[in-house]
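Have a look at these structures, which come just after this line.
The same chain A turns up in both complexes below, where it pairs with chain B and then with chain C.
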Partner chain A sequence: MDIEVLKEWPTKWLRRAHVGKAALWGILAALGLAALYPVFFLISGSFMGKDELGEYLGAVISGSHGYAHFPLLPAYPTLRHYVEVFLDSPGFFVMFWNSVKITFGVLAGQLMVGTMAAWGFAKHEFPWKKGFFLLYLILMLLPFQVLMLSNYLVLDKLSLTDNLWGIILPGIFSTFPVFIMYRFFRELPDSLLESARLDGAREWQLFFYIGLPIGSSGVIAAMVLGFLEYWSLIEQPLTFLKERRLFPLSIFLPDITSVSQSGMAFAASAITFVPALLVFLGGQDYLEQGIMAGAVKE
Partner chain B sequence: MHGSGKDYREKLKKAPSKDHGNGKRWRGALWILPSFLGVLVFYLLPYADVARRSFFGAVDNQFVGLANYQAILGNTAFRLAVKNTVKFTLICVPTLVLLALACAVVLYQSKYGGVIKSAFLMPMALPAVSVALVWRLLFHSQGLFNYWLSHFGMEGRDWMNGQGAFWILVGSYIWKNLGYDIVLWMAGLSGISENIYEAAKVDGAGEWKCFLKITLPNLKPSLYTITVLSFLNSFKVFREAYLVAGDYPHEGIYMMQHLFNNWFRAFSFDKMAAAAVLESGVLLVLILLLQKAWDSGVE
Partner chain C sequence: MDRKKIIGIFGGFLAVMLMFTMLSRAVTGASLARVETVRAKTGAIEHKVTGSGKVEAGKEFAVYTENGQRVKEISVQEGQYVAEGELLFTVDMGELEEQILAIQQEMEKSKLQSQDAQSAKSVEERNRAVAKNRAAQDYSQAVDNGNSDVAKAKAAWDEAERNLQELLQHKPDATGDNGSPDAGGGLSDWEAKKGQLEQAAAEAKAAYEAALSSRVDNIRAAARALEDASMRPASDSTSKQNEITRQQQELSLRKLQALKEAGGKVLAPAKGVITKIAITTGEFTTDGTAMLLADASKGNRLVASVDKANEEYVSKGSQVSITAFGSKEPITKYTVASVAENKEDKELLDIVVELPEGVLEAGVRAEVEVVQKSGNFSSVIPLQALHEEQNGYYVFVMQEEQGVLGKELTARRLDVRVQDKNNMYAALEDGALTGEQDIISSSSRPIDDGSRVRVKEQ
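Let's look at the complex of A and B:
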């Protein structure tokens, strides 16, 4: 048996290729672990007690000598810091709530106007459609810094600065989800719609009863991408919100200048991460489809 | 793109309603109307105002021609931000795109590829504030990174307040976007028919030859989109830079967004307007050039 296997074992060249492949996998696995390390670090730190954190991170936090070091898992796991964040810091709740309002406000709005626009671009004809679409595409590709002043000017005119609506409304009319959903609606066969039209279905019925159910994965993909984007929104709230009570979690940078606060900082950061993690774990397939929708040319 | 059959059908549809044909032609546009009105109010009209402002003075609102453009082009902060942003893009985007390609090719061939791909995608979900906390502990002068380096007998340094900051930012960008690009490349790979490989193998082509002669040419259309998307994601690296280093970071990582923020605080709207128009013009030209290359790459 063993000899048979050895006989079939091909030339030296292939064996070397085999070693090369193993090395390649080793590198990939190492890269993957490196990608995950900050996540481990954050979660693990959030369960560490004050003394443990002080011992490991004292060098950074309170300026003692030597270097910080950090084990993979806490020696004495505790939920203390989570309790502190939830019970002792009412400000945290307010920020959490602001994040929820911004994220769900934007997503709900996109669900209404974005899906309709995507449907229009994918399944209807009208003059200058290509021009409109190009405009949407360009807007999708412009970074915030380019649109920052124009955003401010319009919010100022509508007196929406220092107002959560000033973050939500421009987000609703972001053209990115329109593009993602367009790619999915596009795949729906025209013949299906034609036959429904012949049966006397109205246009809005086609949208609600055929388009939305069949294109639902596109809608979800856009929502998953949108959630990750708006849950960690930085530039807009930083620019347009001055009042602290309106700040979302995404711009709350916890203080780590003392050991007792660093525990809360870990817990607060972990809590900020959890909703995004859940959306990521639950929607990874959609997330990947959404990412791909940005690339595959029809 | 549209077959002649479709044109014929459209003509048939239009024929009976010649009397109000024009209104009917626009009926499809009703679907994008709510969205377009929002885009008009929140993006297009204010952008037009910004374009107008770029030719006017900030205080007296007098027409100044190209003076604002001249002012920013001579501005040292602007030059620094442009230099850093261009340098960052030129280093990061090719590195990310190639690294992701290498990972995607290996992961695509294996059934465990999915698990590792998930690991690479995870950083996308980690909010920038959480990243900032970890970075501050990792890259402090007495932080974990230097602790690891000390095992190899290397001298530690204050990463965020020196030339090292730029490379931390490069690493953050690659860390955050590798999974995104791997997914894009794998989508491209899945578009290549197995049959071509089979045929090549029958002809005695090795794996490396298959990769060079089949995989790479077939991935060419994906390259353009992946480049554009990676390029645009590179602007988001400001988030980590800002959260770790604040408004005035080490000059090596002073990016366009820092500059815009600081001008905004100083109410230098004239400079902001000129810079916004200039940057969007440059981006537009780049995107259209890539689009052209993309189109010719597909045909």
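Let's look at the complex of A and C:
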């Protein structure tokens, strides 16, 4: 009996470990699905007909009784809402290009200004450097709402409200990418720069030929993070823009409280989702590095 | 995934989005309502009222003849102009002569009847005179008889009274003063005599009273008989009536004889246009008018019917333009003389225009047009820009609005009040529209408040 018991022990342990792992997987899968559910919801909703959407969402949108429920797949898939967005909504494209302008404007500006600022903080010594950097950190940490009013007053003074530059310029000079890139440039050994200087390299040559190539992953990480941030910008446009023709896609709000518009809202959201997905796929590695860089304190 | 590939896909995505940007603009542009716009102007609203009618004679006179004549021949037609004395129609002479004879016989009969009545009347009058005389005699007789009867009765009564008084004075002494042995016997005789005399006096008095009353009765009866006899007989107008009938017959006879003398021909009493012929060849004439003639020496009048809905735009004195049927030149210098409801159709109004002699002949059909111009309105728009619904009127104004696509042209509904309108223009109440607003007058598809629109290219 004892022997048999001893023989069974390892298998029991193994089996238990196996079961535990499966359970863990199950829980994680369930959580993952829960997290992904809105995405499925979005994609399948964009292919559903109006009647179907009305049936599923009626409880939430049009005030009929019961709870909203949502199946994974549409019963009668249709491309109607995509056609509607692509062909019948010139407004959607206006906002799409507004988003493109804001995002790429900000990123291009950051590429020019932010990289240099980060390089300066990382590789140059100047009076009050620590103080300035602290100021940068504080600005980075302040939520938008805190500075909303003062931002507005400044923009108003500069006549930049109701103007895409009112969104782009503050974005260009935002401190977060500087902070990210700063960490990458810091990792560059000073000795390398010293030797380059000894070889007669000018300061701008150091930046363009040594700093940027070596710190490129940091720059790209900052750009990817920036893209995701500015592509889904909501507060700034809502606060600083009044004219609908300037609205970016992130506040393209077809009246989703009515069943007739919800399908179009789903389709528009799905299309909006595409660039963000592509950027994410392309910059996945850098994204991780960038987030890590932001997390590691000096 | 390969980064270059992803960048490629991203680029492709942007290209696709660019393409659809164009495409969606094209599609939306093509599906927008294309509109034409107008602006409110100042101006007046003209109300044009048209109708048609016929020229009628300003003064008409009737031609008629004796009732019951057979029409032998009609020599004119409606609308024909006739001079004074021109033959209008002829009646049958045989029929006419028969009628004359019949009337003459009738008159003879009446005359005989009248004579009979006269003689009967004189006999009756004589009888009445005799009866009256007799009654008068009876009356005086009754008065005389009564008086003598009363006188006799009075005399008899007086006699009886005297006898009684006499007896009362010679009453015998009841105490026996004279000592006669039969004194007691004399008193009782006296008493008995006195009773007889008293009775006789009473009877005579009664006879007298009876005579009095009888006299009254007899005289009354005789007076009544006299009264009856002298009563006037009931009035009798037979002779007068006969006289009147005779006069009428004489009149008819004279007319018929005049017609006969004219050879049965009826002539136009004055120059004019025949407007109506009410007789038919071969039929008998009636009491009514045989023919109507428009007096050519007076002007005519045009009576035209217009829709009663236009009542407020047509009034006495309104300038009227007349176009005679078949003519192109309108006559414009006359005005409406009167406006009245059409007697046959309550939905119509009759307007009358007096025309002087020689303008249009009676019987001509003509179109009339009355134009009434309102005062000046500050915003007048074409009628097609005005929309109507149950609660009132509205227009669509094109506005530039800021939308997602920038400046967009949007149709905005504006409720307005209409002051006046005709079939082309409407005048709106002041203040609703300014002269700078573009009012949508036509649209390639139905539009609503807030619809985006495009201006139609000219």
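Definition applied: the second predicted complex is superposed on the first by the 248 of 298 C-alpha atoms of A that agree within 3 Å, B and C clash if a C-alpha of one lies under 4 Å from a C-alpha of the other, contacts with A are read in each partner's own complex, and residues count from 1 in each chain.
We take it that contacts are C-beta pairs under 8 Å (C-beta built on N, C-alpha and C of every residue); 3 or more make two chains touch, one makes a residue touch a chain.
As the structure is a prediction and not an experimental result, all values here were calculated from the model.
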| item | value |
| --- | --- |
| Superposed model, chain A: greater residue contact from chain B or chain C | B |
| Chain B versus chain C as contact partner of A:I167, first or second or both or neither | neither |
| Which superposed partner A:L107 touches (first chain B, second chain C, both, neither) | neither |
| Contacts of A:W97 with chain B and chain C, given as first, second, both or neither | second |
| Contacts of A:V279 with chain B and chain C, given as first, second, both or neither | both |
| First, second, both or neither for A:L87, with chain B first and chain C second | second |
| Touched partner set for A:P38, first chain B, second chain C, both or neither | first |
| Touching both chain C and chain B, counted on chain A across the two superposed complexes | 279 |
| Partner chain C, residues of chain A touching it in the complex | 86-97, 100, 243-245, 247, 274-275, 278-279, 281-282 |
| In the complex with chain A, residue positions of chain C that touch it | 1, 3, 6-7, 9-10, 13-14, 17, 20-21, 23-25, 27-28, 31, 402-406 |
| Residues of chain B that touch chain A when the two form their complex | 10, 25-32, 34-36, 38-39, 41-47, 49-50, 53, 103, 106-107, 116, 118-134, 136-138, 140, 142-144, 146-147, 150, 156, 175, 178-180, 183-184, 187-188, 191, 207, 221-222, 225-226, 228-229, 232, 235-236, 238-239, 242-243, 256-257, 260-261, 264, 269, 272-273, 276, 279-280, 283-284, 287, 294, 298 |
| Residues on chain A engaged by chain B in the complex (per definition of touch) | 17, 24-25, 28-29, 31-36, 38-39, 41-42, 57, 59-60, 63, 66-70, 112-114, 116-117, 119-121, 124-127, 129, 132, 135-136, 138-139, 141-154, 169-170, 172-173, 175, 178, 207, 228, 231-232, 234-235, 238-239, 249-254, 256, 265-266, 269-270, 272-273, 276-277, 279-280, 284, 287-288, 291-292, 294-297 |
